[in-house]
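Presented below are the structures under discussion, each in the form of structure tokens.
Shared chain: subunit A. Partners: subunit B in the first complex, subunit C in the second.
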Partner chain A sequence: MSKKLKTNLAAYGMVLPAFMVVMLTVTYPIISAVIQSFKDEKTGSFTFSNYTYFFTEPAQLKNLLYTLMVVFLTVFIAIFVAYLLALYLRFVKSKIAKTIGTLYLLPRFVPAMCAVYAMITIIRDSGLIHRIGALFGLDITLGLMYHASGIIIMNLWFNIPFAAMMITAGLGAIPDSIIEGARDVGAGRWKTFTSMILPLSVKDVVIASTFVFMTNVGSFTTPYLMGGNAPKMLGIALFDQFNKYLAYNRSAALSVIMFLICSVSAGVYIYTNLKEQDWEK
Partner chain B sequence: MFKMLNPKRFYYAVGRKKFLEFILLAVFILFFYGPLMNMLMLAFANEYTVPHVLPEVWGLKWWGYVFGQKSLVSSIIQSFTVAVITTVISMIFCIPAAYSIARFKYPGRKIFMLSFLLTNAFPKLGIYTSIAVLFYKYGLMGTYPGVIIIHMINSMMFMVWLPSSAFRSVHRQQEEAARDVGAGPIRTFFKVTLPMAMPGISVATLYTFLGSMEEAQGTMLVGLANIKTMPVAMYGIVLDSSAVQIGAVFAILLIIPSALMIFLMRKYIGPEAIAGGFKMK
Partner chain C sequence: MSDRKIKLQIKDMTKKYDNGDGVAHINLDVYEGEIVTFLGPSGCGKSTILRTLGGFLDVTEGDITIDGKSIIALPPEKRPTAMVFQSYNLWPHMTIYENLAFGLKLRKIPKSTYDPDIKKMLELVHMSGSEKKYPGQLSGGQQQRIAIARSLLLKPSLLLLDEPFSALDAKIRQEMREELKKIQNDLGITVIFVTHDQEEAMALSHRIVVMNKGKFDQVGTPEEIYDDPQTLHVASFIGEMNFIDADGKTIAVRPEDLTVVKGTDKADLNATVRTSMLMGHYVSLTAQYGENIIKCFVDRDVAEDLEVGDAISLAIGKHTIFKDGVRSKA
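Presenting the complex of A and B:
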């Protein structure tokens, strides 16, 4: 046996077990869900009705649009704030910047549920903000609970640190010499930003936003604890179909719809990741 | 000292730039840490009725209540059992795969790499419901293996990508040097490659462990009533607890493992290390 073949066999031997786990636990279930989504609940014959249900039933259609609205707002606000924060962390060297640079890593490790619960203690109608308002004789009722804005605030809590971290890592890879070079030939702050920093970090911005998008389409914990009854986020709607109504074919169809929404984002993500930039080749 | 409490004096004392930085820091801490601090305070509040901002009576009353519940102790044990087994099994499957992807060039390498993205690119709940249908078929609902499989899916991407980027950053020349002085391939791996890749592997392991400790939606869906980890128990508490303090105590119990692990691994946690888990290269 040649040496080349031997190393290749060893390489495959190491990667295949993990690959098989993914195939069995993710790919196979997704494929069987796709098949099931085209089957009629009772007769098992081929049908589109599981899909048309989600696009014709007004309540379900509302859920879909509601989810897209919440997710897009989350992505835009989170990425915008995160970019500013990342710029600050990259270019300001002060004690405060250092402190924030450590503190913003931690929310990532706080169990999601604890964070949601902690936020509830602040924003619920008898929460901290209401109580502080009462101190000054104000009657503040935020009405954030069971409302889209509450969910978005919570999503921002989770996603701003994450996106800022991704972008900071990208900005950190831009050498100071490039920026100094631009300044030396007379570029102002704004020009340096638009012609050097922004293009060099756009890849990380895209990666961060696609990831924020994908994780929020199917978010569950936040809307489960903070969301209202109608309209619902798709994650909750799916849970209801599966657990409450035991409508397995419909829930399979809804899963596929969510997969399709995410696959657009996943496609962009993969494309950005695999596209090597000219200077990296 | 008290002069500084007047914002105007403070502004002129430290200058515009510093002043803005302090405001940024204050907003950052209020938004990201305020809720957690408030929750910490509530956990030690025996009495906390509406108009009061601070608890009227401090004490450990609710800790006694929570520890008096039998289900709590069992949920802590179940959480740790599941998390430890999940972490060990993922390491066995994923670390060799990471090494193979990092070190060898063979056809299909990029495809293997991409396959691990599947576990994170799609809405989790969609994958969980699709798997649950199959679990019913094979009798895995409500069993430990079923729950552990769910937890593994969650972390496979990090467990492959992060160590893989860590392995790649170990210079080949260092391995070759060890081989030159007579070390075999296995010894080289354990004495040279593994220790140098340890930061990446540690962060990945931390992620897997904490991810498993906080996983709730999948466990709730697949574990049925048999397996109630701490986060699953927490859902119940949040949704139907009469006193806000019970949830606060429980949430803090849930945060303790994360806090402890982060403290132990603080050396390794940084934006570059974490961001490596979200990029393919």
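Presenting the complex of A and C:
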């Protein structure tokens, strides 16, 4: 056996376990799910009906649109707030800013279940806010539970720190001298923002958006604990198909649909990351 | 000098940072069309002064006026100054043309007016044809030319340069220096230049302000600073200088002001040749004098006669005497 062959075999041997795990736990289930999704539940013959079901059945179509609405609102609000927070952390040099800079990631370390239950005890109609109101003789019922707005508030709790972290890193990479240079030639604060800071950070904003989008399309814990009965988010709809109706072929089709929705966002992510602006060449 | 118009006036200006560092009680008049250089080691406060002029730092006390008007209350964008930074801070996402046009557009100057100006300015800094390029495609020296052009296009009352050439290599630095001096001469603008490079300061300036630990050590023309240093710090910072200790005083003498004679007891000091290095048309020779090592520049024909270890005598020509770090009149 030549020395080269030996090295090659050793190398393959080291990669093999990881490769096998990926094949068995990722690649095989994906392929099998895609095949399942095109099979008729009873006859096992080829069909599109598992897919058409989710786009023609009014309740299912509502679920899809509802999910997209919740996710888009989450993305827009989370990114907007995160951008403002990131700007504050980047440009304000005070003790308060420094403290917020250290603390703002804490929500990421709270387990999702705990955070959701904590939020529920505060915002539900008999929760903390209601009781504080009652002390002053006010009857505050927020109506946030089992409603899209509750889910969105919870999503913001999870996603603002994450998005802010990504955008802060991007803003941190803009040197002060770029901004001072703009001020020096006569740009006021707003003009400096629109012509320097925004164009130089837009890439991080897009990337943060795609991440927030992807993690929320398939979210489960929050809508399960805080969402209403109908419409449902797709994660819950999938749970119902699989665990309640045991409709495995439809579950497979819904999984593929969710994957495709995410892949649009993944496409944007990859495109943004790979596409070099003219000035970056 | 006094009949010339004062462009910039710094009046008893103090800038203290939170940690107590900074500059205090700075007074300086800069005349129109002058290049004044702040020279000093890093941390001496020279950039602090420049940044207070540009508006990037607030002053704690005192006043700064340009053409007689106080500017300390104005934000950077309202000041009649333009600054060139140490890092070539061109805007990376804009082409060279856009970089140059940005400030002009903000001033609502029509394109038909500024377009020929930009062309002319690019010619002036030898960068014609680079309009469509991005800063990342240019070398450091080229970027710094564009940065200077960008500042000049705004016809600033006062051009501020913060160690603009320190990141460039020696040859380009030399070229840029000459170019800057020529441009300044052609346009007649007033320039404040900050550097830690004494050679650069000597080459460029009409007047040099030598700074040390937040204070002015000496303000004067390059000749005055070089020939007549007022403090030991100035003497050691500018050019090459030998310091010879004698009866509690320090004699400062430049290598070119020492005459070397072969043999003992022929002049002021007896020494031996330590090293001899050919520098081109002259020889740089170091001599051992007691504990001191003294550097002298000698002609090649004199040096040819000398071997390492030879006894020599040194005659001290022009020199200055310092006592306790300050120039002694005696």
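As a convention for this text, the second predicted complex is superposed on the first by the 251 of 281 C-alpha atoms of A that agree within 3 Å, B and C clash if a C-alpha of one lies under 4 Å from a C-alpha of the other, contacts with A are read in each partner's own complex, and residues count from 1 in each chain.
In this section, contacts are C-beta pairs under 8 Å (C-beta built on N, C-alpha and C of every residue); 3 or more make two chains touch, one makes a residue touch a chain.
Model, not experiment: these values are computed from the prediction.
*Asks:* Pick one for A:11: touches subunit B only (first), subunit C only (second), both, or neither.
*Replies:* After superposition on chain A, A:11 lies in contact with subunit B alone.
*Asks:* Touching A:252 in the superposition: subunit B (first), subunit C (second), both, neither?
*Replies:* After superposition on chain A, A:252 lies in contact with subunit B alone.
*Asks:* Pick one for A:275: touches subunit B only (first), subunit C only (second), both, or neither.
*Replies:* Neither: A:275 stays clear of subunit B and subunit C.
*Asks:* After lining up the shared chain so the two structures overlap, which partner does A:187 touch, if you call subunit B first and subunit C second: first, second, both or neither?
*Replies:* Only subunit C; A:187 stays clear of subunit B.
*Asks:* Identify which of subunit B and subunit C touches the larger number of residues of subunit A.
*Replies:* Result: the larger residue contact count on subunit A belongs to B.
*Asks:* Thinking of the overlay built on chain A, is A:196 touched by subunit B (first), by subunit C (second), by both, or by neither?
*Replies:* Touch status of A:196: second partner only.
*Asks:* Looking at the overlay, does A:98 come into contact with subunit B only (first), subunit C only (second), both, or neither?
*Replies:* In the superposition, A:98 touches no partner, neither subunit B nor subunit C.
*Asks:* If we overlay the two complexes on their shared chain A, which of subunit B and subunit C does A:177 touch? Say first, second, both or neither.
*Replies:* Once the two structures are laid over each other on A, A:177 reaches subunit C alone.
*Asks:* Show me the subunit A residues, by the header's touch rule, that subunit B contacts in one structure and subunit C contacts in the other.
*Replies:* Overlap of subunit B and subunit C footprints on subunit A: empty.
*Asks:* Under the touch definition given earlier, write down the residues of subunit A that touch subunit B in their complex.
*Replies:* 7-8, 10-12, 14-15, 17-19, 21-23, 25-30, 32-33, 36, 88, 92, 94, 96-97, 99-100, 103-122, 126, 128, 131-132, 134-135, 157, 161, 165-166, 168-170, 172, 204, 207, 211, 214-215, 217-218, 220-221, 224-225, 234-235, 238-239, 242-243, 248, 251-252, 254-256, 258-259, 262-263, 265-266, 269-270, 273-274
*Asks:* Would you mind writing out the residues of subunit C in touch with subunit A in their complex?
*Replies:* Result: residues 54-56, 75-78, 81-83, 85-87, 89-95, 102-103, 106-107, 134-137, 150-151, 154 of subunit C touch subunit A.
*Asks:* Taking the complex as given, what residues does subunit B use to touch subunit A?
*Replies:* On the subunit B side, the touching residues are 18, 21-22, 24-25, 28-29, 31-36, 38-39, 42, 50-53, 93-94, 96-97, 99-101, 103-104, 106, 110, 112, 114-127, 129-134, 149, 152-153, 156, 160, 206, 210, 213-214, 216-217, 221, 231, 234-235, 238-239, 244, 247-248, 251-252, 254-255, 258, 261-262, 269-272, 274-275, 278-281.
*Asks:* For subunit A, which residues are in contact with subunit C within the complex?
*Replies:* Interface residues on the subunit A side: 175, 177-178, 180-188, 191, 195-196, 199-200, 277-281.
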